[in-house]
Structures are given as structure tokens and as C-alpha cells.
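Common to both upcoming complexes is chain A, partnered first by chain B, then by chain C.
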Partner chain A sequence: MDVLLQAIVNGILLGGFYALMGMGQNIIFGVMKIVNFCHGEMLMVGMYLTYMLYTYAGIDPYLALPLVAIIMFLLGAVIQHTLITPSLKTKSFTNLLFLTVGLGLLLSNGALVLFGSDYKSIRTSYSQTNIMLGPVSVALPKLISFLVLIVVTIALFTFLKYSTTGKQIRAVSQNPVGAEVCGINVRRIYLLTYGLGVALAGIAGCLLTQFYSIYPTAGASFGFRALIVVVVGGLGSIPGAFFAGILLGLLEQMSALFISPSYSDMIVFITFIVILVVRQLLIMRRK
Partner chain B sequence: MKKLFKAILPFALAATMFAGCAGGGNQESASGTTESGTTEASGETIKIGTIYAMSGDKAAIGENILRGIDFAVEEINSQGGVNGRMLEVVRGDHAGDAATGKSEAERLITQEHVDVMMGCHMSTVTEVVAQVCQQYGVPMITAISTLDKLSDEEHKAYDYFFRLCPLNSVYVEDMLKYLKDSSQQTGEEIKTVAIFTDKAAIGQELIRCVNLFAADYGLEVVGEVDYSGGAADLSAQVLALKQMNPDAILCDSYVSDATLFINTLKEQNYKPKMIVAKANGFTDPSFITNLGSAANGVASVVEFNSDLTNGSEINKEFKDKFGVDMNGHSAESYTVVWLFKAAIEKAGSTDGEAVKKALSELVIDGAFEGGRNIVLPYSKIDFEDEYDLAGSKHYRDNTSASVAIAQIQDGAWKTVWPFEFSSAKIQFPAPLE
Partner chain C sequence: MLKVENLNAGYGSVNILWDVSMELNDGEVVAVLGSNGAGKTTMVRAITGMIRPTSGSIVFNGEELCKKPSRYILDAGIVQVPEGRQLFTEMTVLENLQMGAFSKETKEHFQENLEKCYKWFPKLEERAKQAAGTLSGGEQQMVAVARALIGMPKLLILDEPSLGLAPNIVDDILNVAKTLAKESNISVLLVEQDITKALAAADRGYVIENGHVALSGTADELAANEHVKKAYLGI
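Take a look at the complex of A and B:
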């Protein structure tokens, strides 16, 4: 029983990261209809950024969080402006695919050149602190990360639902041409969306640094799971991505507990494929 | 069709010529790397060919190996060389590639006329270099290639090839020996083990070897827990281990997973009493740096450690010279140079056949003549012509070779086993804090 509780808590905390990554990917996909294949690398950039702020400026990772988010937002906006917007005009999916994949390779190899291949980490006075909640043991940094995730989700949801800019983003996501006709500056919205998505990956990276090693390919396994979250959670939906992320984390832990840790990856991907097929069938029947 | 062929032919010819030129250029620059180990050579030198990675991503490993060789050559030459002749190191660079290794071996033998050969770091390269050496009758010793099959039935005929280091499966067998012996110090018998490792080949090899030897040491394998390398999370794996509750955990992981594993142990409030790793990520320098005190108590296989009884003295001199500690690779390659010295003196010449015969008959017991005690964690070197290892025949390995086990104590690796080579005591249960 204790083990089950522990596994559930582990699953939810792990799922939080998948959710954060998925939300970033989802907002980009929802608005621009492009898959950001360098999302995992953006997470890695966020990690190195936090690492540099911590080692060279002595800024605590949690205090650095807003700073990392802002820098990553700017980075995203610049990439959108200089690379993606011109590429969008070609209306070619392959073009964008190669662009984001190539960007990912550039970022991870750039990190390799700049920081070397050795594994770095941030250790603060509290990074190895554990809290006992009854029979369940929780690492303090993971708990804080989860709280940050909830705050970010609520803030993002409110922003999209009630603010003018949020409404504009949703309008562009539903119908870019219509939005443009109504006088919305679509290019500005694209800039904002991509920046926001990248900032979310940066936040996830910043939160991860306290218990995960920092290395050039650190984002790979998270980036891939973000794609699952997007597909399962529904395109463009923030609450959907949130719950899909948590669900994915739970699924991994539960399959490891009840079947075997060796098969948990396989089970996750089989479930993913089943969901895709079932949904496709449902859509076809509706038609 | 014919027309097309005619049109393409000149280009194809030009391309092959160009490729030929490029190859030639490479070879020239490679010969440029030849360096003499000594400047005051009297008479003709004895040439030791070395084939290690000096460029590419494995270059750092090659550098450590060559340091050990240079150190030994300098020691021997300052004592007057071998049979009055100085030693000279002729370096080849395999750059981590088997084909390059082969051409380098041919160059060293046919152009540089090396008398004996050392290499390589990667077992796949070692295999092809051994073929070349066999073909030309040049004795070769590998200091560090651990792949079991290099000395198996298939390689029986390679009688110019000898291996100093322990085999992969011996590494694992020594881990189990350590578990059994540890009760002498801890007073607590280890009866059950679980394996925690990567799904990749390194992990499968560990699982295979542990199951091969476990029964011999009275150990029961209660479970195997694996994960995909570069894992995002290992809490499920740690929970599975916690449920199995083995007396000891054996592991082999790359450094990111190794670090995450120890962090997750703490997070899941699980303190296994004993963790023994098969080096790899656990002995990476960043492992201790990144984990700090949480790493205390983790034990690992090491080929050499600076506090080994016979190694601390040489390590000090080595560090004075190169600024870094001697590692397993440099200690093993150092030993091979001394082995060649002993064999050539015994043979009385550098003739390949004579040296080969001397090597197979050679027994070093305790210390080298005119040199130090064996600096590795064993006291005898003897190449067994033929022996049996876990049911299969092997040839010309140093069957006395063993590894040591070191444990992280207060943030530094301390040798704890074999007991006769160590001064530190096993910390049990592992504090992990």
C-alpha cells in the first residue's frame, strides 16, 4: 500500500514535468500548427542558463526562474522572427520540420562545444532535502517544482482565457486569416506564442537542474514525451496538456509497479499508439 | 548506356585518384607522429610500437595510456635499457577506428620495424591489430582490452597475442568475490543481490556474467531492474529495488543515470546496504562532484587506485611528472613495458619468435627484476597457455589478474579489497550521506 502511494506521488511529480513541456509544445502547435522538434533542446538551454546564473552570478535556481523565463522568451522570439516566420511563408511542413530539427542539433552541439560533454549539476543546501508526508517520501525540489507548475498552469489558462492578448492568441489559433481580417497582428502573436512556448521549456529546465544532470542531450527524453502529451491532451488545450502530462507520469510509474520497470517505456508507447488509432476511428465514424 | 558509362568513367577515375592522394597524405602525417622515447640512445634501439587513440573523442584515454608507457620507458632507459639497448616508443594513432588501427599496425611493422607491439584501447581495434601482428610474427600484449572473446577458441591460433588485464567476466566475478569476502570485515553475510543496469549491451553483459558466477559464491539473484539509458526518471526502478530488498545491488550505468540513481535512492528514502558498480559512470570524476556526500559508500571496481599498497609510491612520482593521478590504464600499460623488458632479457634477443616464447614462459612473482613490485592489485603475472573460464576455453591470458574494489569514503575513492592491497576498511552499511 505504501509502495502504491509512493508510486502515485512519484507519477504525479514526474508527470508535472511532462505537463510543463507538453504545454509549451502545445501552445506552439495550437497556434502555428508546427511541431517544435527542438523543444527538448530548449529545456537543455534552460538548464545551462540556470547553471551559469548559479555558478557565475550565484543566483539561487528558484530566484533565477523568472530571469530564465524572460531570457528564454526573448530567445524564442528572436528565433521566431529570424528563422521561423520567413519559413512559414513557404507553407512547407518539411521546411519547418528540418528547421526545428536542425536547430535542435545546432543547440545540443553548440552546448557540447561551449560546455564540453561532462555532466554538471547544481547542488544547493536544500537540493537533497526530503519531506515525509505520512509514509510517502518527497524530494523538496520536486515538490516546489510541482507548485510552480500549478501556478504556471493557472496563470497561463487565465491569460489565454481573459486577457486581450490571450484572446488574440486563441483567435489566431482558431482562424489566422479571420484574425488578420479583424485587425490582429498575426506575426506579433506568432512571436509571442513561440516565445511563450520556449519560456515554458526553459522553466521546466530550470526546475530540473536540482535533481537532474546537466548535459548537452539532457532534454531528449523530455522533448519526446512532450509530443505524446500534445497528442493525448488535445491540440492547443492547456488543461488537456496538464492532465495528459500527469496521466503519462502516472502511467509510467504504474506500469513499472504492476508489470515491470523494464516494460514501462514500451507500455507508454503502446498506449500512445492505441490512443491515436482509437481516436482516428472515432473521428472517421463521426464523419 | 555505354555513352553514360563513358561519360562517368573519367570522373570515377579522378575520384579514386583523389582518394588515393588523400590516403597517402594521411599516412605521411601519421608517420610524423613518431617520437623517440630517449635522446641518448646507444646503438640500435628496441622499438615498442603503440597503437592507441591520439585523436578523436577517445584521445584523452590514449593520453593516459601513453603517459604510463613513457613513465616506464624512462625508468628502464635511466637504468641502462634492456640488454644494453635503449627503448624507443613508436606511436600509432587508431583514432577509435579499426581500419585505421590495421593500417597503423602495418605501418609500424613494415616501415618503422617495431620489435614488439602494445594496444589497443578498444577491443575491436585490438582484434585487427592482433591479426596483423600474428601475420608478421610480432609479439603483442594488450594492457587494457577486456572483451572476453579476444582470447577464446576462435582466437586460439593467435599465439603472438597476450593479455595482461582481467577479462570482462573476471571483473564481475571479482565483484561477487568482494561481496563474499566483505563479511570478514562487516560481520554480515551477503546472500541476495539485485542487478540495476542499462538496457543496452553493457547491462546485458553484467546480467549474463552475474548469473554465470552467482551460484559459485552462494549468492541468489533476486531481480534484474533495467532502464533505457539517459532516463528521465528512475523512481520506478528504485521502488522495484526497494521491494526486492536485496543485501547488495550490482550496477553498471553511464554517468547521468548513475547520478540520477543515487539521487533517487535518497528521494525514495531507500538505503541499500551495499552498492557495487562495474566502474563506468560511477568512477567518472563528475560523479562525486555532482553528488557530494550522497555518493559516500558507493563501491566500484577499479584497476588501480592511488592508495593501493603497491601503487601509492609510483602514483606520487607519476603525479609529480604529469600533474595527474595514475589511473588503471596508465598503471596497466606501465606494467606491460616492464613485461616486454623482462621477456626480451629472458629471450636474449628481440627476435619475434624468441620473445613470444619467453613471454609464454615468463612468470613475474611479486616484483620485476630491477624494478618495482607489480603496481596492480595482484602479485603474479603468468600468461596461461590454455585455461578454462566458466565453461569455455581461453588462451594466453594473465590468469592471476584481478581488479580491486574501491569505496567512496568522505568524497574520495579508497581501496577496500583485496584486503592485502588495501588499508581502508569497508564502510557498512553504505552511509549515502
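Take a look at the complex of A and C:
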């Protein structure tokens, strides 16, 4: 029973990272209708950034969090301005596919050149601290990560729902022509959106350094799962991404517990495919 | 207030508008008529800067606007109700109207303009919190017109407001346009395929065929014109 509870708690905490990644991918896809295939690599960049700030400047990972978010936002904005916006004009999906996949390769290989392929980690005084929640023991960094996730989700939701810029982001995602008619600066919204999406991946990366090794391809599995979260949680929905992320984390931990940890990847993807097929059937039936 | 001269515009290397010239005075309702694919919407896009004209001149209140970006043209006071309405369907009616306030000035006057819009279209006040996509076609067209009015236009361009609407709703919307022109001194450029209704609402009109201005004149002249009668009114 305790083992099950433990797995549930771990699943929820792990799912928090998938949710963060999914939200970033979701907002990018919602606004520009492009899949950001280098989303996982952005998480990896966030990890190395945190690592550097810790090793060379002695900044605690949690204090570094806002800094990492801002730097990642700027990185995203620059990429959007110099690469993505110009190729959006070509209206070619393949261009953007190659662009984001290529960027991902560039980033992971860049990390390989700069940092080597060995696993790095950040050990702070509290990274081994555990907290007992009833019968379940939770690593303090995981708990903090989850709280950050909750705050970020609420902030993002509120921003999109109530702020003028948030409304403009929704307007562009629903009708770019209507947005231009209303004088909304669509390029600016693209810039903000991509920056925001990348910043969310960076936040996930920063938090992850506390209990996950840092290596050039560390982001790959998170990148894939972000796509699953977007598809399962519904396009453009922040709460959808939140819950889909948590569910995915739970599914993974449950299958690790009941079947085998080595099968959890496979089970995640099989479930994903089943969901896609079932949804397609439902859509066809409705027509 | 608006003087378009020898406007040429199109998409990529395809030219659609050929030396289009037209004029609009303060408080005037001018109809632009033509059949499917004549180039009416292309003309609207060229005037509002959504596409870049290849040559020509668009002078609005003494200022040259040709080749200026769409945002700049909005600021100058030319606001359009685009073809197909282009609403934000999952946002509420009120949020749609808020999006119409694009400048500092329009934001400051938002509340009073909103009340005016609700006076023109009382339905919208009832539906303020409802998602725009769940409204009827006529109500959606009202949202589109109201969203443009929030932008405090000096020149309001309506691109086929009658598309897919019941005749009495078309009358309502054209009445609002006409009243705006006469009372608030807003000029209205009314793009229409429904020629009878358009000429009834307009002071003057232009007929566009294959991207050229084929005919122009007062509404009465056009309604009486043999070519118009034969080609468009089926008489």
C-alpha cells in the first residue's frame, strides 16, 4: 500500500515536468501551428545554464530559476525573430520541421562539444533532504518543483485569460487575420509566445537538475512527452496540459511498479497510440 | 477624405487590381460593387495595408498611405469589417470588442464606445459573456461591426456584410452604417454583391469588373444604368 502511495506521489511529481513541457509546446503550437521539435533540447539548455550558474557563479539553482527563465525567454525570442518568423512566411511546414529538428541537433551537439558526454549533476545541501507526507517520503526538491509548477500554471492561465497581451495571444491563435485587422502586432506576439514556451522548458530544466543527471540528450524523452501532453490535453488548453502531464507521470510510475520499469517507455507510447486511434474513431463516428 | 489613384495590387506576381481610382468624401456612403472574384476584397486589403500595393496612391485626409503597414493605416483611422467577419470565436463577445481597441486613444474611450455599440446592437449586451462562435450569423456580423467601431474609425470599410445573412438583418446593419455616416460623419465604404440593397444605402458607387473600375456614378445613376441592370440586377 505504501509502495503504491509512493508511486502515486512520484508519478504526480514527475508528471509536473511533463505538464510544464506540455504547456510550453501547447502555447507555441496554439499560436503558430508549428511543432517545436527542439523543445526537449531547450530543457537541456536550461539544465546546463543552471549548472553553469551554480558551478561558476555559485548561484543556488532555486535562486537561479528566474534568471534561467529570463535568459531562456531571450534565447527563444532571438530564435523566433531571426529564424522562425522568416520561415513562417514561406508557409512551408517542412521548412519549419527541418528548422526546429536542426536546431535541436545543433543544441545537443553543441552541448556535447562544450561539456562532453559525461553526466553532470548539481548537489546542494538540501538535494538529499526528504520530507515525510504521511507514510510517503518525498525528496524536498521534487516538492519544491511541484509548487513551482502550480504557481507557473496559475500565473500562465491568469495571464492568458485576463491580461491584454494574453488576450492578444489567444486572438492570434484563434484568428491571425482577425488579429491583423485589429492592429495586433502579430510578430510581437510570435516573439513573446516562443520566448514564453522556451522559458517554460528552461524552468523545467532548471528544476530538474536537482534529481536528474545533466547530459546532452537529457531533454529528448521530455520533448517527446511534451508532444503527447499536447495531443492528449487538447490544443491551446493550459489546464488540459496540466492534467495530461500529471496523468502521463502517473501512468509511467504505475507501469514501472506493476509491470517493469524497463517497459514504462513502451507502455507510455502504446497508450498514446491507443488514445490517438480511439479519438480518431470517435471523431469518425461523430461524422 | 479618401482619394485612391491608379492603384495596382495583387498576390505575388499575379496582378489583380489595375489602375483603380476612386474618391470618398466626408460622411458619404460609397458602394463598391462587383461579382465574385472581381477584386473587391483585394482592393480593401490594399487600402488597409494587409497587402502591399505595387503602385499607385492612397491619400487619406492629406496623408499618403500607400505601402504603409496595416497598423499605421489603422492609426490613421481606416478600420475594416473584414470579409467573413474574422472573429475570435472562442473568446467572449466582450473580449472580441476589447481587441478592437488598438491604440491608447481607443483604449481610453473604450467604455463610452462600448455603450454606443450596445445602443446600436442591444443584442450584444445580452450576449457579452458568450463565446462569439456560439452566436448566430447576424449577431456575429454585429460583433464584427461593433469591434470596428471600438476602433473609432474615420473611414469604415464593410466587406460584404450581407454574406449569408437574412434580409432584415442586412437592412439593420446597413441602416447603422448609413446613420453613422450621416450623424457621426464617418465615411463608409460598402463592398457588396447585393447590389439592390447596397445602392439603396449608398450615395454613390463604383462597379469593379476584372480588377478595373468599369462604371461609377451616383446610386440612382447606377441603379438606372442599362449595363448594371443587365449584368447585375437581371432585369
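Criterion: the second predicted complex is superposed on the first by the 286 of 287 C-alpha atoms of A that agree within 3 Å, B and C clash if a C-alpha of one lies under 4 Å from a C-alpha of the other, contacts with A are read in each partner's own complex, and residues count from 1 in each chain.
FYI, a residue touches a chain if its C-beta (ideal position, glycine included) is under 8 Å from a C-beta of that chain, and two chains touch if they have at least 3 such contacts.
In this text the structure is predicted, and so the values were computed from the model without any measurement.
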Fit-or-clash call for chain B and chain C when the two complexes are aligned on chain A: fit
Contacts of A:92 with chain B and chain C, given as first, second, both or neither: neither
Broader residue contact with chain A after superposition on the shared chain, chain B or chain C: B
Which superposed partner A:119 touches (first chain B, second chain C, both, neither): first
Contacts of A:182 with chain B and chain C, given as first, second, both or neither: second
Contacts of A:82 with chain B and chain C, given as first, second, both or neither: neither
Touching partner for A:213 - first (chain B), second (chain C), both, neither: first
First, second, both or neither for A:109, with chain B first and chain C second: neither
Chain B versus chain C as contact partner of A:165, first or second or both or neither: neither
Least C-alpha distance (whole Å) that remains between chain C and chain B when both complexes are overlaid: 36
Doubly contacted chain A residues - partners chain C and chain B: none
Contact set on chain A toward chain B in their complex: 3, 6-7, 10, 14, 17, 118-121, 123, 128, 130, 132, 137-139, 142, 211-213, 215, 217-218, 220-222, 225, 252-253, 256-257, 260-262, 264-265
Contacting residues of chain A [partner chain C, same complex]: 164, 167-168, 170-171, 174-175, 177-185
Residues of chain B that touch chain A when the two form their complex: 199, 224-228, 230-233, 235-237, 239-240, 242-243, 255-256, 259-260, 263, 266-269, 284-286, 289-292, 294
In the complex with chain A, residue positions of chain C that touch it: 48, 50, 70-71, 74-75, 80, 82, 85-91, 95, 98-100, 102-103, 147, 151
